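Letters A, B, C and D mark the chains in the order given here, with residues in each chain numbered from 1 onward.
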Amino acid sequence: MSEDHMNPQRPETAAASAPANGWAIELEKINKRFGAVHANKDIDLSVARGTIHGIVGENGAGKSTLMSILYGFYTADSGTIRVNGQVQAITDSSHALSLGIGMVHQHFMLVDNFSVLENIVLGAEDSGFLKPSLDRARKELERLEHEYDLEVDPDAIIEDISVGQQQRVEILKALYRGAETLILDEPTGVLTPKEADDLFRVLRTLREQGKTVILITHKLREIMAITDNVSVMRQGQMVATVKTSETSPEQLAELMVGRRVLLRVEKGEAKPGKTLLEVQNLVVKDDMGITRVKDVSLSVRAGEIVGIAGVSGNGQTELLEAVSGMRDQKSGNVILNGNALSLKGDDGAARARAAGLAHVPEDRQRMGLVTNFSEWENAILGYQNSPDYGQGPFLDISAAKKRAAEHVKLFDVRPANINLKTSLFSGGNQQKIVLAREMERDPDVLVIGQPTRGVDIGAIEFIHNEIIKMRDEGKAILLVSVELDEIRSLADRIIVMFDGVIVGEADPATATEGELGLMMAGIHHNEAAKS
Amino acid sequence: MSARRPIPRWADVALLPAINLLLALIVSGLVVLFVGENPFHAIQVIIYGAFGYGEGVGYTLYYATNFIFTGLAVAVAAHAGLFNIGGDGQAYVAGLGAVVVALALDQTHWLLAMPLAVIAAGAVGGFWAFVPGWLQAKRGSHVVITTIMFNFIAAALMVYMVNRVLKPASTMAPESATIAVGGRVPQLREFMGFFGYSPVNLSIVIAIAALIGVYILVWHTKFGYAMRVLGQNPTASRYAGISNSRMIMITMTISGALAGMVAINEVMGVQNRLVLDFVAGAGFVGIAVALMGRNHPIGIALAAVLFGALYQGGQELQFVIPGITREMIVVIQALVILFTGAMEGLFRPSLERAFMLFSPEQKAAAVAASTTKTES
Amino acid sequence: MDLAAILSILDATIRLSTPLLLACLAGLYSERAGLFDIGLEGKMLAAAFAAGAVAAITGSAWIGLAAGMAVSLSTALLQGVAAITLKGNQLIAGVAINMLAAGMTTFLGQTWFSQGGRTPPLGEGGRFVPITLPFANELAGIPIIGPIYYELISGHYILVYIAFLMVAVTAYVLYRTRFGLRLRAVGESPKAVDTAGISVVKLRYQAVIITGLLCGIAGAYFSIAQGSGFGNNMTAGKGYIALAALIFAKWKPVPAMFTCLLFGFLDALQIRLQGARLGGVEIPVQAIQALPYVLTVILLAGFIGKAVGPKAGGVAYTKER
Amino acid sequence: DPAVIYDLGGKFDKSFNEAAYNGAEAWKAETGGSFLDLELQNDAQREQALRRFAGQGANPIVMAGFSWTAALTAVASEFPDTNFVVIDTVVEAPNVQSIIFDEHTGSYLVGVLAALKSETGTVGFVGGMDVPLIHKFYCGYAQGAKAANPDVKLIENYTGTTPAAWNDPVTAGELAKAGVDAGADVIFAAAGGSGLGVLQAMKDAGKFSIGVDSNQNYLQPGSVLTSMVKRVDVAVKNALTEAADDATFKPGLTVLGLAQDGVGYSVDDNNKALLTPEMIAAAEDYKAKIIAGEITVHDYTTDSTCPL
């Protein structure tokens, strides 16, 4: 990479002179357009071998696009890629793999109904027959697992294992293919702190072995904790590359968003009122008939936020679905505003809404949105039968559009185009669309799952403030998040779930991360307190 | 690779289909040439036969009426994510509803008989789709299998009903008694001499109403909204408080009822009696019509007229050029489906490139892109 | 029912399920690769015609079979170009193929043979003959086992044995080979396949080729084994039934075999029940003719439950605009 | 020019449409004339085709099939100067000749032959679809078989319920095989193109079949016992000659039965060896009695019942 291509506004960077081990990856003047969107504009990026290089940036800044180009999944419109100093025209993923570049995508690229082993050998089989490949992979896997302390059951089916484990499979997949440079796109978005720690331990081991890691994340804490260098992108451009040791979260946040961001949640005392949501001895099964929620009781009062912490897959999802009427309870009761939620029919969610509940689902793309619908159509999802959106059987489109426009304005959804398909909005903005819809109905009870998953820090700040505002208006809020930080800063009471039961309750003001972590691992409160 | 951009909407909905249709006609022309006839003459005859004179137009519209009904039936189900292959069977059994009402009321007036027959045919056709819908909703039985099976069951049922129940004992032909004038749907030619002897009848008004009705249903009612949510994302529809099972059953019923309207056109409008296999594959043509019309009423109307024109134009071709047989006409229809439906993307890349060249700013970008590309 | 009657019905079951099974396995490859195929009917019909025509001309069943497979293959590739390369709607592609085959076969048949689209009846050699398995005659005398071996196992066309062999081959390929792994993966998640460095397009074409070849055998079975010469539309909707069987079997090879045997059995049963009486009253023949379809629906609703196909089925794979 | 319009089965249905076509071709060969013809695709085209040909001045217009009643009734009066000939149904109009065949009597004779040929005492019937005309064949056949052998067992089968029933030799062949397994050694096929499957299956089984409509004995020589011929070809050929001229045109009903050789059983080199002189004698005896009115064969289509 030559000096004269340097962007003059760019703060002087770690990338200026060649590092001791040389560059693993050098990108020069990369451009990529998607129709009218200029996703990558003249991007330069150099990654030193044997380092962990972070990339941060707002939603839609072009991070994933850049990495997809490096991985050969997209082709750049122009620009040069050097791998180990050699110019390469990476035409497809198999080419990237052969150059020792592996990638763990933001949305995992796994075959859900395959076993771990099958996913790992897919595309890297030794011969036409599967058995020798699988046998060799099993041995190799044992070695890798041992070397990096990455434990997964090779015969487990992907859809049965937790996201954390799925991610390990993705990493193992890359390592199995001999990756020297590993790209991770938002790897911790779905991980618990413990799982994230495990991941970082693995990444450090990789670095020790001389491998290179590129890490995209929205969590500045992680950047500070693990990376050597960090690059910041904004609106398709690379705005800075700095040594991590020479920067601070505040500076990074400002570079990303272009303004100061408050990295803490500011909230006053909770003033709890009467109980609005009560769950009594709830038992819930999942689609496979496995009992996921085992005799859970809890209550949420007006004006308080109850946070449910726990490693994902411990029944939170089914709890949320049962409370919001999407899934029938096997036994027990869900009482909304004093009325038990009826189990009749498969439209329970409508009855829950009628009783004053709003629901921000964990998985916005699968549940909270119809991604093929335009923004305005999504703005009425779940409330389509409300008289606000038309008398009798007819749908009043202009009323719906008007409401959608209000949502867009209030929640600063970008782009502010209510006719755009929601699949074309970034994750953060998709989340805002869902939040706006659910919050603006003025519900008594708000149930929220993973409110800031994959959302950039600017949007997180906004979303957290909105949730606090709801609480202060006297709503009962049940919050599920795998982000301990988030739970601790938002919740007034914390309930920890493990294996379908509540293992303890904690006060966010006093509970330490260690205590919570132990409870999330299934160790009961008192035991946790003792240890 | 060269940069592209999506072609303008008008080109997408008009130019591209026109090019595709042209290609289909060219390939069909080769088939015509193969049997030693003049392809240009053949195309001329098809177009003239379909649109060139009143009676031809009437026949085109009569066929289109059927295809609108079956196309809408497929489309409505498709919006809810259901693939109804059973339009043929639903239309067929609906004939029972139509003929029973028509025969019972044929001494009164069509103003009484027709609405009641519409209800009866709709109910029977709807029922024939409701059962697969119910099985899908409650038992998870794949609606594609069940509707295929119901087509065969309908055929068996109708052979029995026509020969053993509806057929007057003394007649030779397997058909019901003839419906008297009071039970017939008036022909358009009674009001508009233009249509000659063609059988286009007031059913086309029902078809137009159905087009508008489906448009309103799908895009302007809460039910239609719920239907589309289900079709796009069944998990999201549960989240939205929509009863998926109820939606499936109701949608299938509506779909079957629409297919059932074919019976009004055929039984009361054309044949004046129930004959075996009166649907003549219109249910299957409906699949192509709906797919080519992209499940939108306007598209369906256009596709239905296209197929109507191919049927009628094809018949004209047989009259005028004896060397052309009915199988060749099926081949031509298939080619039209192939090129305008399945291979509609054939020219999209070239069109995209062509439009690039007409857009100056894009042209500059493309040139820039290609030069940097060659440098690297 | 005596043994002879049972053997008669089971024998017919095997004959009737063979083309269904071949078509069903054919569909399995495409659908596992994420391509809906309602064009099985058309490919079989085209193959039946080609096999019948070529066998009539050359007098060789084997050349006829090869011709049937070649024509079915090219038809499948046409469908593949539409659905894979041009990313056209897979259902329309299937519908078009079905219509094209229906029209083309009769049209060409009439042009070439002037028998209304039929191909000339086949003489010796033009048609497959049932094969007698080793020792069938010797063992025929042994009670129970003998007749079962002689009537049921032995004495079928070679294509029948190929069909059943293909079940084992398919199961092996699908679950024990690299190709099978990739095939199953591409129908579930083409993106995962693509990022693993495998060409989705190539894989889907490979699947389409196998589909074409198997449909070719199925079609040839109609015209040069079970039948003698091609007749218009002689596949009579079997392609749709095969599709139903595939869904019924949840896209798995061994269940596909049992489903096709079941469908074949129901058909054989229907044939033998015509004219049956219930409580002294003759059951209308139409009721018996509808029986296989009614029973299928009942079995499906009662015992099979939800069939969830390959997740990526029906959509073309686009990685980039 | 005269015109011939075929029914939905198409010109080459191995059944009456094909016979009509053959008749027209024979007329052409004999007279050197030419004719127009058309295959229908659906019922709505019947009136269209009639008007079209009549409007073009085609005369006479000949059509085959029992479904023409309504269309011809409507159109005949519009073209009083055109002569129409319809086969298999009756339309009453001054310019229409309706030709119907006594299929039941012809079938009766092949029933007699079948019963006499059968060694098992079981004879079969495979029809295309369970429609009245096919029932008429069956009912005559059954009466004849019973007459020749009162203990005869009859197996009655139909190929299907969709239009494919007329073109499904595979299913028809399976029906024949099932019949053989149930003891039948002679099977009468009245199933259009499907019948070929019966002929083939019976040949494969080393048993006997009976063809229909045209003389099908040549299709599987030595296995086709005889064919129940229905001389649609002769009717068409005669119609093309006679109806062209008003002087020879015979409007009204023409019934072609055994006496007119409109129906009958075929004997030629292909099946001579299969029929013993006694069998032929018996058949001729029944034929004479039917013609003389000593035996009445019930016609199913008169009341939709079959007295068995």
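Couple of notes before you dig in:
Note that contacts are C-beta pairs under 8 Å (C-beta built on N, C-alpha and C of every residue); 3 or more make two chains touch, one makes a residue touch a chain.
Composition by chain, UniProt nomenclature: A = Heme ABC transporter ATP-binding protein; B, C = ABC transporter permease.
These figures come from a predicted structure and were not determined experimentally.
Touching chain A and chain B (ABC transporter permease) together: C. The most distant chain from chain A, with centres taken as the mean of CA atoms, is D.
Taking the mean of the C-alpha atoms as each chain's centre, chain C (ABC transporter permease) and chain D sit 34 Å apart. Here the CA centre of chain B (ABC transporter permease) is 28 Å from the CA centre of chain C (ABC transporter permease). We define each chain's centre as the mean of its Cα atoms; on that basis chain A and chain C (ABC transporter permease) are separated by 46 Å. In chain C (ABC transporter permease), the positions touching at least two other chains are 110, 117, 237, 286, 289-290, 321. Shared interface positions of chain D, i.e. residues touching 2 or more other chains, are given as 10, 130, 160-162. Residue positions of chain B (ABC transporter permease) touching 2 or more other chains, listed in rising order: 6, 152, 156, 159-160, 325, 329.
The chain pairs satisfying the stated touch condition come to A-B, A-C, B-C, B-D, C-D.
Chain D makes touch with chain B (ABC transporter permease) in their complex at residues 10, 36-45, 47-49, 51-52, 66-67, 69-70, 88-89, 129-133, 160-163, 301-304.
Residues 4, 6, 31, 34-35, 83, 85, 135, 139-142, 144-146, 148-150, 152-153, 156-157, 159-160, 164, 284, 287-288, 291-292, 325, 327-335, 337-338, 341-346 of chain B (ABC transporter permease) touch chain C (ABC transporter permease) in their complex.
Considering their complex, residues 4-5, 8, 12, 15-16, 110, 115-118, 121, 222, 226-229, 231-234, 236-237, 267-268, 271-272, 274-275, 285-286, 289-290 of chain C (ABC transporter permease) touch chain D.
Across the interface of their complex, chain A is touched by residues 1, 3, 5-6, 216, 219-226, 228-229, 232-233, 235-236, 238-246, 365, 368-369, 372-373, 376 of chain B (ABC transporter permease).
By the touch rule above, chain A contacts chain C (ABC transporter permease) in their complex via residues 34-35, 71, 73-75, 92-98, 103, 105, 109-114, 118-119, 121-125, 127-131, 133, 173.
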